[in-house]
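I'd like to ask you about the structure that follows.
Labels A, B, C and D are assigned to the chains in the order they are written; within every chain, residues are numbered from 1.
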Amino acid sequence: MLTDLLRATRAHTLALAAPLSDEDAQLQSMPDASPAKWHLAHTTWFFETMVLTPYLRGYCVFDERWPRLFNSYYESLGPRHARPQRGLLSRPSLTEVKAYRAHVDAALADLLPHAPAESRTLIELGCHHEQQHQELLLTDILHAFSCNPLLPAYDAAPPPKAAAPEQAWLKHPGGIVSIGHDGNGFAFDNEGPRHQALLAPFEISNRLVTCGEYADFIDAGGYREPLLWLSDGWAAVQAQGWQRPAYWLEDGRVFGLHGVQPLDADAPVMQLSFYEACAYAEWAGARLPTEFEWEAACGLPAFAQAADQAWQWTRSSYAPYPGFKPAAGAVGEYNGKFMVGQQVLRGGSLATPPGHARPTYRNFFPPAARWQFSGVRLAR
Amino acid sequence: MLTDLLRATRAHTLALAAPLSDEDAQLQSMPDASPAKWHLAHTTWFFETMVLTPYLRGYCVFDERWPRLFNSYYESLGPRHARPQRGLLSRPSLTEVKAYRAHVDAALADLLPHAPAESRTLIELGCHHEQQHQELLLTDILHAFSCNPLLPAYDAAPPPKAAAPEQAWLKHPGGIVSIGHDGNGFAFDNEGPRHQALLAPFEISNRLVTCGEYADFIDAGGYREPLLWLSDGWAAVQAQGWQRPAYWLEDGRVFGLHGVQPLDADAPVMQLSFYEACAYAEWAGARLPTEFEWEAACGLPAFAQAADQAWQWTRSSYAPYPGFKPAAGAVGEYNGKFMVGQQVLRGGSLATPPGHARPTYRNFFPPAARWQFSGVRLAR
Amino acid sequence: MLTDLLRATRAHTLALAAPLSDEDAQLQSMPDASPAKWHLAHTTWFFETMVLTPYLRGYCVFDERWPRLFNSYYESLGPRHARPQRGLLSRPSLTEVKAYRAHVDAALADLLPHAPAESRTLIELGCHHEQQHQELLLTDILHAFSCNPLLPAYDAAPPPKAAAPEQAWLKHPGGIVSIGHDGNGFAFDNEGPRHQALLAPFEISNRLVTCGEYADFIDAGGYREPLLWLSDGWAAVQAQGWQRPAYWLEDGRVFGLHGVQPLDADAPVMQLSFYEACAYAEWAGARLPTEFEWEAACGLPAFAQAADQAWQWTRSSYAPYPGFKPAAGAVGEYNGKFMVGQQVLRGGSLATPPGHARPTYRNFFPPAARWQFSGVRLAR
Amino acid sequence: MLTDLLRATRAHTLALAAPLSDEDAQLQSMPDASPAKWHLAHTTWFFETMVLTPYLRGYCVFDERWPRLFNSYYESLGPRHARPQRGLLSRPSLTEVKAYRAHVDAALADLLPHAPAESRTLIELGCHHEQQHQELLLTDILHAFSCNPLLPAYDAAPPPKAAAPEQAWLKHPGGIVSIGHDGNGFAFDNEGPRHQALLAPFEISNRLVTCGEYADFIDAGGYREPLLWLSDGWAAVQAQGWQRPAYWLEDGRVFGLHGVQPLDADAPVMQLSFYEACAYAEWAGARLPTEFEWEAACGLPAFAQAADQAWQWTRSSYAPYPGFKPAAGAVGEYNGKFMVGQQVLRGGSLATPPGHARPTYRNFFPPAARWQFSGVRLAR
């Protein structure tokens, strides 16, 4: 089953990159985003470094100059190529990176039949890690394409038509709830330890805010009224000249994976920053849920669009759960060191690989980030 | 009694500014800090705008060009002089600002005998607001003096000698605790609503980390070991070249309100950023308390240095309590709009005016801020 | 006579600073400008360092911590307080700086009667150096006042009314001309060596461009037409949002030493960058003169407004004359090291102290500078 | 003959791009540099826009969305894709750009037999324009490769071995010399009008400064001695951490078109900024020639390495010659608008296409630029 997960994950990444030319795969449109080629290589480096080198006897690093190029942020694993310069790596070529993938896949296949338990844990982590990069590959290439005046489509097929359920408020009684992962099946370290939290009664929307609803906010002058915004948010509006979500065009159309399309009023609004999510909620007379409210409510029967449309900004900043301890070794840098200055998003998006997300899953981005499939679910 | 509070508060601000020359009172050493003269004027503007104009019949604004200069961040009260340019206001002079203070004080004295209840609430708020600026006046002038190679002393008297209690861990059983202000007496809106929270059992230190202990962290290479730091913290260490707390000099001495002094190993370490506080805690095998743990524990019998030495960074980001609603009107901008991207500090400092802080008090600063009297109390 | 020059120069600086409060004298509104107090101290430091310490036996430096504060840019004289932080020096106070001036003046008086020849040369240089700072003191305080929404007047007296002569083109036959200072009387090192240059015949305007003429350029869309501008100039227009000269207000009035005044159509336009000067000339079907043309023409009988209104941007970049050698010692850093990236201005301004400028005088500023009394004389 | 020039020029560009992968051709390593693919397309756009659209009846623009992408800086030709984002154009692909080239080449072949005289002038300009981009294509890809830790070689062949002639000073008597192009054959507008200049007698080196000589400067502490540097140069040294020429590695080897090679002491030093050139000259007791001296001397019999090794920084800033008028129309933006803030380089380099340079040729770059084949010839 781990074999299946590994094979499927590795194949899916390649499939996602298939529509991209060598040139597309090279694009880095901002320091926060990475080239598709880099995602292909970095996820491979992860297996090579965390699994093959320590656990496969006789394994030779594919190219000893590459770990420096494809280490993302692991201080314990030595110096790294500067993040904003990932787009300057025309060499190795996409072809060479694919050969790297094949080399590592073969070595993993060698290892798997007699892989010790710790290595199996790391392989599983590597798969989930790669799934995270599958979504980033899509969000990053979409951002890069959005910088090209030709606005190329990642996928030339027409987009699915959205159908928004009627909005309704779901009631939750509050009280003591269990939060975090229970240890059955895979979870990232930041989802635990499972613990109890006390919630006041609250209501949460059954669905995400739609593009039509968000357009009303814009039409009502939402981007011109400072009192709706957090102070940092209003500063961002002014400094960046925000007037609408990141991929809404001036002409009323919307850019996305399927290229430029008419605005679909029923589709969930996406590519919003936390600041915009909060301002919208303020304007709508509501608020964002905390991540604990979200987790407690997501099992309610009418809770729609939980994980298949857009990640949902919460009012919770990303912080360690009580008793959190990062894993030992390099993988301990995976999550814990980012626990400041970011907001938690819950759910999952249309770009999240199937099977990747969980109710306890904690995604996180800085409050100004607006190139993700990030939307709003209201609470009150 | 409100009369007494007002008179004492207004007088104390002037007393704090007394050691400063006209030139000193003009200094703005960074965008986040303000000149002492500006603090004197802004706190006066607050009373004029929030209290006198709406509630004192026939009150004339002292100078109609000034509100634009001394409005800090109230969007609902019109355009403002840019914050980073406060140090460029040589006019009005310090003398004129003092005349402004006298004018407003006299008008408040006229109003007080027959002030309606809402205005009394606002006068009380104005006093606590001014007390906050009293501390800022000190931290800001200290930062400005730290930029002068002559390192002038705000107060030429020798500093008090610290006496650190023996370190001990205080146990708290956890459970459901009440958090936030109960409404008896003054509190800022961000201290409420009072609500219940659920805590796991924890231990908290009876005192703050000392300079001697922090020096050990430095000597052990704390500023050179990335694995001790949050990712943003390590980026700050490298970008800013941090090697020690903000006012520790290369020669081992420490700059402060009393000028340059030998390091006092027993004194609490101060002028730390949140990042440094976290890195120290990590090195010490402990962590920072949450703001809820701090509030629950601060009444424990042996809990020393609660509010008289340094504010204590907590692991809690600054966010609204459940059910929080900002006040109506301009004062609604007082607190709520800053509730993202900042960490809560609890306690109080040697620069906090007596009577200002409370166990429920929530101070907040960005995680990189290191010009406040901010220190560390460990938990585990 | 050197005694007279010294006494008059030193007194004039104090007279220029007399209208300024201690707070005014502290203002630094941008890195390129310096506080008036700093000008008072730096010019004094120049005499102390260049003259008294080497030539007055037994002279004691006034305060040994100060040279670091008041050295402007002399690398050979040790480390300096960072230029952008000059406005943070509330200490020493203006009073102390005046005492410093008195101390140095007294020492210079002691030295003068038996000053060796080299020291007399340096005293003369110090006087001319101080005269340069007299003009900067005015341009810098004017910039600082322009940043204060109250727009205070340096001089409350009404401004002199301008009278523009009728515009006329003066013909110069070109040919071989002598350029540079002939060594009779004082000149800065950058004015020599005197040498010959070959000019083509040219015409030059008898007077400066007026505010009225410049207003026509603005009305004709001059700030919106990229083809009129040098590439760097157009980039500055867009990046800085330039729409008119630096001190022209949106309401049509003009800020200056006499505060806010109606635009005087006959007065020379000032506070222009080189870019604006070039764009205006292009629009007017003319060009800027070279510094050699200017020097050759300035003696023509009808050549008006040579040195009493505004410095005149030339098309010449600031470069060494053939055979130029900086002086030996620290004063060798006075001029030569700035000979790149700046344009030469010729003439003099209403803020230039009487007797300071000469036909061979070479003023210089970066092309984007617009806080000087800098205007335009056309050539063709 | 124009046909031959066009065919050869167009073919040579493709030949230069031949060693580059699609990914290499996409690289933009800094705002001042452009991707190879962009050079291929922009030079083609130049012919399409300046020649085909106005002069070939019935010509259809290859893709009407492309002119916006490949216009470099012509304000008169409409809005442009932002220069720093040229590296984000993965579409059109390199293949499509080559098809664009073929389409335009075919149309030019159609036009040539009956091309009117003005169009022939523009075709000739287009060829010389493309030759300029041939050199930029090489310098830009070399810079991009220098940002890749793998330091790929553009050309795997070994570099030619340099042979430095014995250094000697060539005497020039000065006097009135003719400067600028005489109109026989092609020249850029900035090379005229031809005019007379007056030179003092001078000496100029017979050859360029070698790597060995420059290494002596470094060993003597040249990068640590502020008094050798122009003020802006020393600021650059400190801000950028310069310690050696741009492509000299820490280990003593040198990166170039042939990859990493041992330092060749006899080879001319290259990839120097103007600041470094000046500092070296100062250290060597010499100076840089003016562009007029260079032009007057370059015909002296022993004048070696005139145009085949490295461009030679001159002490002349880039300014219009007396009587200079840009051409009418869009091509008038070609040169004139850059005539401020740059230094003239004379000669030519190993990357300059054969036949491109002339003794009157004026190359120009900002003084901090160090990614060109730019070196030093001394004068005195």
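Note that in this section a contact is a pair of C-beta atoms (placed from the backbone, for glycine too) under 8 Å apart; a residue touches a chain by one contact, two chains touch by 3 or more.
These numbers come from a predicted model, not from an experiment.
S.K.: Could you work out how many touching-chain steps separate chain B from chain D at minimum?
M.R.: 2
S.K.: So how far apart, in whole Å, are chain A and chain B when each is placed at the average of its C-alpha atoms?
M.R.: Centre-to-centre distance between chain A and chain B: 36 Å.
S.K.: Return the distance between the CA-based centres of chain B and chain C, expressed in whole Å.
M.R.: Chain B and chain C have C-alpha centres separated by 44 Å.
S.K.: Got the chain D residues that touch at least 2 other chains?
M.R.: none
S.K.: Is the way these chains touch best called a line, a ring, a star, complete, or other?
M.R.: ring
S.K.: For the complex, which residues does chain D have touching chain A?
M.R.: 21-27, 29, 37, 65, 68-69, 81, 85, 87-94, 144, 147-150, 152
S.K.: Which residues of chain B touch chain A in the complex?
M.R.: 73, 75-76, 176, 195-200, 226-227, 229-234, 274-275, 278, 287, 315-317, 319-320, 322-323, 333, 337-341, 343, 367
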